[in-house]
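The structure appears right after this line, and notes come after that.
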């Protein structure tokens, strides 16, 4: 094992290389590009024995991965934002075909207006497609999760998405422990597809299925997701045993006796940890629950952690327009109907890369601390107009009042 | 952009219309492009510092008035130099490295002739007369040029000419078929326009004394020229039928053509390779003689203007190369032949030409009725004070001044090439020096400063820079544009426009002009070939290729200043404009170096 | 007949849902219609093309080479200043989804009928709602129609909703593939002039074609403005809630057809147990409700017309008295609850009296939706001990 | 000097020889030019030495008819429209990367149909212009690759619009990844040169020929270096009655690896080495627009750019020769198509 | 925690500088984080990059608004950008300039200068028009800050700057010697 200072994107590349990916089909898009550039470089220097296909669009990138994976190769791609949306149609296909493709998605805001900065809506909008989703907090987690993702995917035959924040992770350099290849090889054996495109044993992939059979295919995918929960936990534990860093579905931080728990994902978690530590040092009973795996959504784990906590505040760097932040909505449906369910506050913050600083987190904790129940469905934090801060984007139980300043 | 914004203050969707011009991208710049005209080599190489690039620019645009004004500021007689100049400009022309040099002389002649036909008048460059009087001794090109420029600078000039007519070598040396007397006469009319007094048949030391000049004039310019032929120094030189070239030509011009012709006999051998030799040879041809030119080196080394040699040969002269006379043979006191010795070319001498070395025993005889020598001339200092001159020349300083007195000299009597244009240049130099002298500035430091401002790298002094604000002329007189600095991508190969020419068999029958000169189309076409090295001609490249739209058209400029300006608020300093400037007007300087304003 | 609009048989026609929508399009007479064929949407555009070919309607159809381009051309034409419609389904919507987000953000009031169909893979051409749900974060307004009549009426209303100055968003009018698109029903159309008067002219706010005042549309946005722009869009999406009701009122005023509210409620007034279901299933559900009520069970149905923006407040109000709710989702969000369920749970979460909530998946890929399945759901939720896991109706597991 | 050179010629010496007295631009003409000059403005954040704005202004300044610009995602879009500012003083639309031609179809049809329907200012809320040209700008990534389908569809449908591809031979906005336009053996970040790799191993796509295959009225290949030729082609393209396509070579100093001042020089060398022939296809008829009298070897062009540095190593000589053969072969093919028709500006 | 902000221009290597500096601290056993303020940087445009250094793992993941130290790779940025915005009083400002520290009056800060441009050119880094000064300025930083050793900087350069590593190391070494320090230097904070 060696420690290196790596950027988040390169942590993905190293993870893919250690996983001995065989086919990489990708299309450039900021801020993803370095992931595949580094992989292309590794191929050019013979450090990675893989075929790199620079396709002509993200739609084709996923289609090529589908082809490669169906042929039995370990397939990998990476994209972001508009690229992810363009390949959307194929995402359904990959999951429907039960192909364990692994993809890194760098969270970037959707257009227009055009932005290249961080926001989670792109990947969260794919939550129905049948892909496993891992949201990473650090470059170490990015690298480790990439390796685990292959193992999990190939076990449950579902594609997996490793998700990292644009720039706050993708372009940030920090120390990362890079496992030795032999250790990874022991952890992750070569992919043995149960079924593949094989001239000696022909099967048709992607045939038309009528109303008589389609439902069951979908049902099986849903069941595979249930299996995936177990797989993620087991693989995360095994990884911990081998490499000293264990992973699970969620990660609590000072949750035990907390009166207020922040629910976060990705890099906001990291900044929030600093704030929680600071407040804990002041004696405040605040904690944090990081959601690492969004699909399958860790209902049980979340309930275990949050039932009995008086107040929970979800921070969403995303938005389902006409609805809520997506973690927020998901969390509410997870806690719905449960005894001792907490009051859930939903915060939207940091869209389009607006910086989420410790001050932003303090503001959130202050708002949650000052009221028993949320007085609106969604709180917007960090809008530039001061008078607007914390005002609801309509849809509140009380009619939204526009403050004139 | 850091001010507070409110969602409701934004347009209802991400639409914008505010200009990016609020972004001053000039702050990205490391290097700064600046416009800085330079001197083209033709201009620098012209002894009279003709602003050739500007003259051709305006000719190409059809504005002949403007072209002529610029030209006559430096050169009084374009119709003359346009015919007889040895055009050092053309040999330096950068276009010569690209395809063929621009036919500058022919365009100059076109412009000169046009002005004569149009009856153009020159005016003084300064509004007021000075009440100073200057004596000009010698009415050849140097003297006339000096008088011309003095007059334009407001001084009264009197020319003392020993011969019956002014013009010197222009009149008595150069044959009519090269420079028609009518053209000479018309050009000299400019002096009348400028109230220059010309006293003919006034030989100093004979018709007027040096002391008188010293007493009566505020300054004296001596330009008496070289009228003594150099002897061959071989046996038989005193035979009848041995003539000097100058003698021959002068006699002809003085109307003694017919008797002379009879004296010459049939076969004429001309010894020499300079312009005089060619003039002699071609004149003899026109008198119906068989002509042989004998020269010690090869044609390539002949000092005569190449066209002259070419035309002489075309007209039937025979050239014998690498021979030197050893003896002139005579019978009854009269030439019957010339013995020539063959030469081979040895090591180069100080002039850079290979030295002829005699080949022993190679002598041979050429039959001849007349031998005309044209191997060089020497001045005749008769009538001038001893202290003014040494054996060969009148020594002068860099201003053309003699012995720090009020005496100045120019033309062939000083140590400079014996060419018409150098003579004109020395006259101009003296006129400027005399102007400074008369204003009491010549011995002061100021004179050096002025010189720095008006002197071009090859030593010529610019009258335009002398009388006008040099800043307005833009031209940087310290730097010459070399071919390597140009971007030839924008130039297309276009053949030089050949001047029309009368056929040799027709032209040897008379003394009429060999070439009729350019017509309008030809002149414009040739002027358009000028590359305008170092001088902005508004080609638009910088404007079109600026990625930052930082180059603006300066449409209000009135012929001064550049047609473009750079808006440094936006210029990112990429240097494309510099690279793509075909003529090296633009250059890059380091940002913050203080250069280029 | 339990529909809101009961056609007068003598003035009605027998039309498929696709035909009804095509007639709505003909009457709206959109300026530009970029389209690409896909089952089960194709009959809409075939019918419409014939009407244009017959000179019944002055619209310009662009036969593009993909749904992605259909939506792109739609955005171009809409931004330019034209009234635009298109139509699609399933993979077509999935392929154009990137541009649907863009249409919403660029505030393009494009009306898009969708013939709902299951997504691949495996490939399937029959009805479910996975295609509609995939657009749930896009910012487009989404309406679900129960029958051909509703599809017709809401297509007309969608134009006014989309083009309202406070809204300016694309509107998807969902009608179930085959079940509605290809089934002939009795539909009563409105007179052409009435429709024309109702929809009026489209007056674009910032038309690209206004060369007198050039605008730059679709610019690049740094973090210093993007967040505010998104907030603005979120506000517009929510404005659609109010405008939806406004348009319904005006439609009623103009036509006498009384669509009122975000939902059709059926037997819900005194219900202890409620179904929430979208689209044509509601019809079957109504029959089941009738039957169970006949048997004395206090059951009811809530059929949302408006799925996006989701009317959280109104839903809380509508379901505040019920004990248990069965939310029927005709699609899966793998690894989680069904999308409709999540909406309902999320909306009801803050309410003081939370009903028991259960999620039922049904009818994927055109699996037949029978009264028995619906009855089963309504029966199951009456058991307070029913586990809170996903229930699958009609699966052969 | 009040006078600029006749019809904008770079060098008076290159002016047509038939011209007796050079034409001098009138002040009025200059003023009109200035008006058009404002269509694209400075202060944008494209790199120093970028070729794209050079092309854009040449295009926009060519005709007086109002234009609507549709822009595919790329450097040009990102660097000219950072909210709240814009370098564009003409209507400008950006929808996405892969669909500029489709979006342009929409704009073009919208204009045509609104015009046909006689929509008044009262109905529309604004005055429809009498005439409009839709011009699309897209890079090679957005044109050769991801946008090809939309372009093909729009060309085939016959919309009256002009698509201009600024071809810098790779994805430069994301930092130099290979595209269908990348020449063989070029180094890019996704075809890096390494122990196991010599750069891009495939041919470049001949997009201009693909456009020709759509049987549209006007297709041309141009270079920013030959701007008079470019301007003439833009004019022809914009006046074509139907779709027109221009493929314009636009070097990128960062991706190609050269000093920014050499942008035009390198574009010119591409033409002079016949790597990038200038030609046009008018109603199916080919014409050559630059016939280099003394064509330079393609290595003259390659050696100016770092992306080809590995080809100059002696051991790679054979690759260079192979490239030269290809260039020669393509040139011969083009000459045959032109059948001796040459039209040089 | 030590927070450093780097100001440069596109093409000068500011982002690489942040990475190398973080790497150097990392070699000395520190936790580090380095990242750019990502815009759509074009050649010549102002660029900002950040470095955080701490004894324990770094949690905060947002830009640095109140840095302890500044590295200014191009002195003309001082006029173009408010470089000292948020800089803590007494903070170190290291400027690439041939002028002495006294020539800059920026406020209550410790100013050090180094002619990194000349040093870079001497070692053949970049062009006359645009020298690549990032490694030189890091050498100077090692001396001016006293927080990281020159050896660590040199080792990190060798690893992170494969092209012309020797020249870059030489430049860093020379800049270490030639940096002009503020006088008097108060004890470094946040060591």
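For clarity, chains are labelled A, B, C, D and E in written order, and residue numbers in each chain start from 1.
Keep in mind that, in the parts below, a residue touches a chain if its C-beta (ideal position, glycine included) is under 8 Å from a C-beta of that chain, and two chains touch if they have at least 3 such contacts.
Quick caveat, the model's predicted, so the values are computed rather than measured.
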Chains touching both subunit D and subunit E: A, B
Two chains sharing the most contacts, counting C-beta pairs only: A-C
Most widely separated chain from subunit B, with each centre as the mean of CA atoms: C
Chain occupying the middle, per Cα centroid: D
Gap in Å, rounded to a whole number, between the CA centres of subunit D and subunit B: 48
Centroid spacing, where centroids are CA-atom means, of subunit A and subunit C in whole angstrom: 29
Whole-Å separation of chain centres (CA-atom averages), subunit B against subunit E: 61
Subunit A-subunit E separation of Cα centroids, rounded to whole Å: 34
Touching two or more other chains - residue numbers and ranges from subunit B: 1, 5-8, 14, 16-17, 25, 28-29, 572-573, 575, 588
Residue list for subunit D, restricted to those that touch at least two other chains: 45-50, 77-79, 81-84, 86, 89, 94, 96, 98, 253, 259-260
Set of subunit A residues in contact with two or more other chains: 82, 86, 111-114, 117, 355, 383-385, 388
Subunit D-facing residues of subunit E, complex: 10, 40, 42-45, 127, 129
Complex interface listing, subunit B residues touching subunit C: 1-2, 5-8, 10-17
In the complex, subunit A residues that touch subunit E: 3, 5, 7, 31, 116-117, 165, 167-169, 171-175, 267-268, 270-271, 273-274, 277, 355-358
Interfacial residue positions of subunit C with respect to subunit B in the complex: 105-107, 168, 205-206, 213-219, 221, 224-225, 228-229, 231-233, 235-236
Complex contact set, residues of subunit B against subunit D: 1, 14, 16-25, 28-29, 57, 60-62, 489-492, 494, 520-521, 524-525, 528-532, 536-541, 544-550, 553, 555-563, 567, 569-570, 572-576, 578-580, 582, 588
